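Next up: the structures, one after another.
One chain, chain A, appears in both complexes that follow, with chain B as partner in the first and chain C in the second.
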Partner chain A sequence: MLNKIRDYCRDLLESKKVEGILAVYTENGNYFPYFFTKKEELNNLCIDKKYLLLNSVKPLRENLVFLLQSKMPGKRIGILARGCDERALFELSKRGQVNLDNIETIGYSCNEEQAKICTCPTPYPTVNLKFGEKVEGVSEHKRWKEFSQLDIEGKRKFWEKEFSKCIKCFGCRNACPICFCKECLMEDRKFVKGGELPVEIPSFHFVQRYHHAAQCISCGECEIACPMDIPLRLISFVLLNRVKKLYDYTPGMNPKQECPIYTIKEERNEEALDELL
Partner chain B sequence: MSYYNVLTVCPYCGSGCTFYLQVLQGEIIGILPNKNHEISQGNLCIKGWFANEFVTHKDRLKKPLIKKDGNFVEASWDEALQLVAKKLKVYKPEEVGTLSSAKVSNEENYLMQKFTRTVLKTNNVDHCARLCHASTVVGLGKSFGSGAMTNSIPEMENTKCMFVIGSNTTEQHPMVAKFMMKAKEKGAKLILADPRKVVWSKFADIHLQQRPGTDVALLNGMMNVILEEGLEDKKFIEERTEDFESLKEVVKKYNPEYVEKITGIDKQLIVEAARMYAKSEASAIFYSMGITQHTTGVDNVVSCANLAMLTGNVGKVGTGVNALRGQVNVQGACDCGALPNVFSGYQVVTDEANRKKFEQAWHVDSLPDKVGLTVTELIGEAAKGNIKALYIMGENPMVSDPDLKHVKEGLSNLEFLVVQDIFLTETAQLADVVLPAASFAEKDGTYTTTDRRVQLARKAVDPPGEAKADWEIISELAKRMGSNEFNYSSPSDIMDEISRYTPIYGGISYERLKEKGLHWPCHSKDHPGTPILHKEKFSRGKGKFWAIEFKEPAELPDSEYPFILTTGRVIFHYHTGTMTRKVEILNSEVPTGFVEINPKDAKKMALFDNSTVVVSTRRGSIQIPVKITERVKEGVAFIPFHFAECAANELTNPVLDPVAKIPEFKVCACKIERAS
Partner chain C sequence: MSKSEFEPRIVALLCNWCTYTGADLAGTARMKYPPNVRTLRVMCSGRVDPAFVIFALQNGADGVMIGGCHIGDCHYAKGNYSSRRRAVILKDTLESLGIDPRRFRLEWISASEGDKFAEVIKKFTKELKELGPNPLNKGAQDA
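And then the complex of A and B:
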């Protein structure tokens, strides 16, 4: 697959269909996101190592693709996208952060191993899959069994313990591709007091999860960035599931479907709501 | 259009995380954690995540400054260096000194000591390791033969018992704490000895909340229990150590009752902690400033080594005496000879053979044979008028050193002060000449982590304005002062020289570091590095037990100064704040200093949270907001030292450990009054 992708990218660059291609670069055993503009560099392009390309650049609080597009208005950019990159693109475009018209998405699928590492339910681009085959995703969090068996008091204690480990690095937010708010609720002193560890429990973590209830694209970057292995996505999985039931909406799947919290159309599944209540 | 990432080393603590600087069109826009690194694993602490912000801060120094009539005036490099060269030449070797820096690279530290020894012809070179782990270098040297962390960080995931004494690891070495937390999740025990209820205490199986400064008594007490109950590792003691009998004799009287009286810790907890540590199959000690920053700093360190040897917890995976070092390159600055008594690789200056070796290497007729002055002594001698000129690189003694009034007296009394830094620090403001330096992001270089891992940092962008890398500035100055020995084309060149004359770095080269770091000792080009020290034998042959008696701290509370003042740090800031206080999110978390006091003490003085108090000691007094918290015991006050406007070091006691010359930052007597 790698050679085919390199050939395809070479054609794109040679034919000047794109200004450059955002993908992962590798050298000396290390790897990082890179904007490929010369075809000679494509020998360093790699697909087996993952860095989410649509990273949200801190402290600017802008997405990398937003920054690239602002620097090159009207120019076409290629993105060698995994499923998560594509989902991030779709959600960001719904929020005016990227312009899909000028993006050439070169989609490729992840393998099962990668899907497991990220606990990814959809390890392939749903719209722009060009390379590779769709493989089965993972839709259950690795700690779901343990967590779901707890009663309400057990769950409270579970979070109390997990959140106590937090060192307030903001990694879960910093690594999130769809975080771009200039004023972040996690820094809002109404929700979270400043300067102390352990952090405000549970608001510091919950405020972000709820804010992303209908936009989390299940890329897994928040948990990868967490030095203390806090199972943050246990919350997101529950919320995403509810949003799916109520509004038949899964973030990042369909660029045309509006995000339910950004629309005034009443399309809620009342039966599902009754069940939840 | 260009967008790329440059792999470099985080400029803050000694954990050794690496990260990528994201560069868009030649400008650093952000940071990405390195997913392919043993320590980082895609993680960073809050300081690391925002470490690019100070690099591009508007207050960066961009041109050399010369003080004229009390005001700084911008100058050309030519003018500034000419002036420095001319001035430094005036003084006798014993009248000048330099402070090197734990924030700059190995190469730059090596050059600073080479400059001091060959151009200024004195051994008066030191750096802030004096203020943090001088007692480790001496203490572990005495016990084991090597004054560095014995084991490596990632292996700690598999330790079975962690004894953390005097280290607020979650806040000061967050990525070390990560591995400790992983061990905890896997069932390892955690024993915490800390006067404060730091974040760790919630996860500790046993929390020993000792009175500050009583660590020797506590450690002797644990050894007493271990020996009483026959839990010592007899085979290890017999085969690997010496002088066990003298230790045995001294710890006899430190029974749990006696130790309870000294430390204030329930005797049963001491017994339980001793058993827990001795019975586990792999126990690791972690310590930091809580052990080292005392007049008994060396005693404390040696006692930790005693405990580890007594139970055979040295030289194996997940064990050891793990000194956690606080600055990105404080290990490397020591390794590269920025100390008054050793050349690079701890080759002592008083040994004639060592001097001969470096005389030949550096093409000089003779090198000074007398041990130089330490940081603390240099400033004291400046106050007395014996030291007349200082050249300070990347250090800020006007916030970091004890008894700031005295520090200011010393620095102001100098005839000539040169400060080389990235910002106009509190210290730089006192200088006659200020030289603008490049930050970590603007130069190549190697840095050595707390676990002795030498890592390569790479240049991402050019320095701002006319700022230059420290290695370039030192080389240029040396040339202007007549030396022909500073002709380097790159930091890689300098590393080649270091590895040629420094056996523990013998196999280190930029080529090898491209992929990943190497733990010293690494003697040759094919040596794989040494993550664990003292495996088959100790660096000094046999491990040596030292019998240590408990001594009280130099200044104890009395009726006039009834509180024990202890100082430290917070996770959101770093050292003197030169870098972190330029970062918006960190200032939002903790905008200024505070003094922690217990609710009972607050009630006695009718204080509200955040009200302003005056904290005074025999050295000085500061106004500071109060934070009422159970974290400290009654009678104890805690102040983080990062904040110049309410500087803890106005208050601290400059009394020193007799051997390591480290000040007693952790204990002095203070009083607290409501601000009028």
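And then the complex of A and C:
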């Protein structure tokens, strides 16, 4: 697959269809995102290391694609995209963080092993899959069985134990492609004490989970980043399922479908909500 | 403290145009309702960030209520629609976090429904008494 992708990218660059291609560059075992503009560089293009290209650059809190777009307005930009890159791209475009015009995604699928590492239900781009086969994703959290058996008090105790491990490193937020707010509620000093442990339980973690109820693209980066191994996405799975059931919405699947929590356009299903209250 | 003595604390975030006025009416009409509620006025139920609910529950409230205009009557057109969409997700989030979702309510009460306000507070207080103190409070009771 790698050679095919390199060839394809070479063609894109040679034919000047794109100004350059955002992908992962590897050298001496290191890897980082890179904007490929010369075809000779493509020998260093790598596809076996995950690096979410749409993640926002901290502390600017703007993503690479947006930065490239502002640097070269109107120019066509290529992105070598995994499933999560594509999903992040769609969700960010709905929130004005990137412009989908003039973007060419070159989609490729991940393997089962990667899907396991990420706990990813859709390890491939759903709209522009160009290379590779769709493989089965992982749609159950590894601690779901244990968690779902708990009653309400059990869940509270579960989180009290888990959240008190948190060292407030903000890894979960910084690694998340959907977290781009310049003023983050997780750092609002009215609500969260600076530099003190333990964290506020459960509000500190609530903020991010809740804010992502209808935008989490299930990339797994928050949990991968967490040094304390806190199973944050147990909550995300519950919320994503609810949003899917109520509004038939899965973040990142359709660039045209608007986020149902923030846009009240079609009044469908509205009355049914009263029953859930 | 035994359950029968327990007096729950309710934080009510009320929309300026409807529910807050409704609560006012309940007061001026001298309707009887339990004194367990602390009201906070907001401009619209849609202004309430669900984080406020969590912060209240974490800082001493046993129950939190958001009060807004009836659907269709929001003075900012769609504030209460968003409020309702968020409330549903909020209930799920509370449950996943191990907080009984019955500790949170969203109610539509208009400016003329002082009696409904009193009724809702009565009902909510009773329910919270049955639920007992909010375990997030770590035993901190009202001084």
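In the analysis below, the second predicted complex is superposed on the first by the 264 of 277 C-alpha atoms of A that agree within 3 Å, B and C clash if a C-alpha of one lies under 4 Å from a C-alpha of the other, contacts with A are read in each partner's own complex, and residues count from 1 in each chain.
Criterion: a contact is a pair of C-beta atoms (placed from the backbone, for glycine too) under 8 Å apart; a residue touches a chain by one contact, two chains touch by 3 or more.
Not measured: the values here are computed from a predicted model.
Placing chain B and chain C on a common chain A by superposition gives a fit, with no clash between them.
Once the two complexes are overlaid on the shared chain, A:30 sits against chain B while remaining clear of chain C. Touch criterion met: A:170 reaches chain B, while chain C stays clear of it. Of the two partner chains, chain B is the only one that A:195 touches; chain C does not reach it. Of the two partner chains, chain B is the only one that A:72 touches; chain C does not reach it.
When both complexes are overlaid on chain A, the residue A:203 reaches chain C alone and has no touch with chain B.
In the superposition on chain A, the chain among chain B and chain C reaching more residues of chain A is B. Per the superposed model, the minimal spacing between any CA atom of chain B and any CA atom of chain C is 16 Å. Listed in rising order, the residues of chain A touching chain C in the complex are 150, 152-159, 185, 191, 200-203, 206-207, 209-210, 213-214, 234-235, 238-239, 242-243, 246, 260-262, 264, 270, 273-274, 276-277. Those residues of chain C that touch chain A in the shared complex are 49-51, 54-55, 58, 71, 78, 81-82, 84-93, 95-100, 105-106, 135-136. Only residues 1-5, 7, 20, 22, 24-25, 29-36, 41-46, 48-50, 52-53, 170-171, 174-175, 177-178, 181-182, 185, 199, 202-203, 514-516, 570-572, 583-585, 588-590 of chain B touch chain A when the two sit together in their complex. Interface residues of chain A, counted against chain B in their complex, comprise 19-20, 22, 25, 28-35, 37, 49-51, 55, 57-60, 64, 67-68, 71-72, 75, 164-165, 167-171, 174-175, 187, 194-195, 197-198, 224-229.
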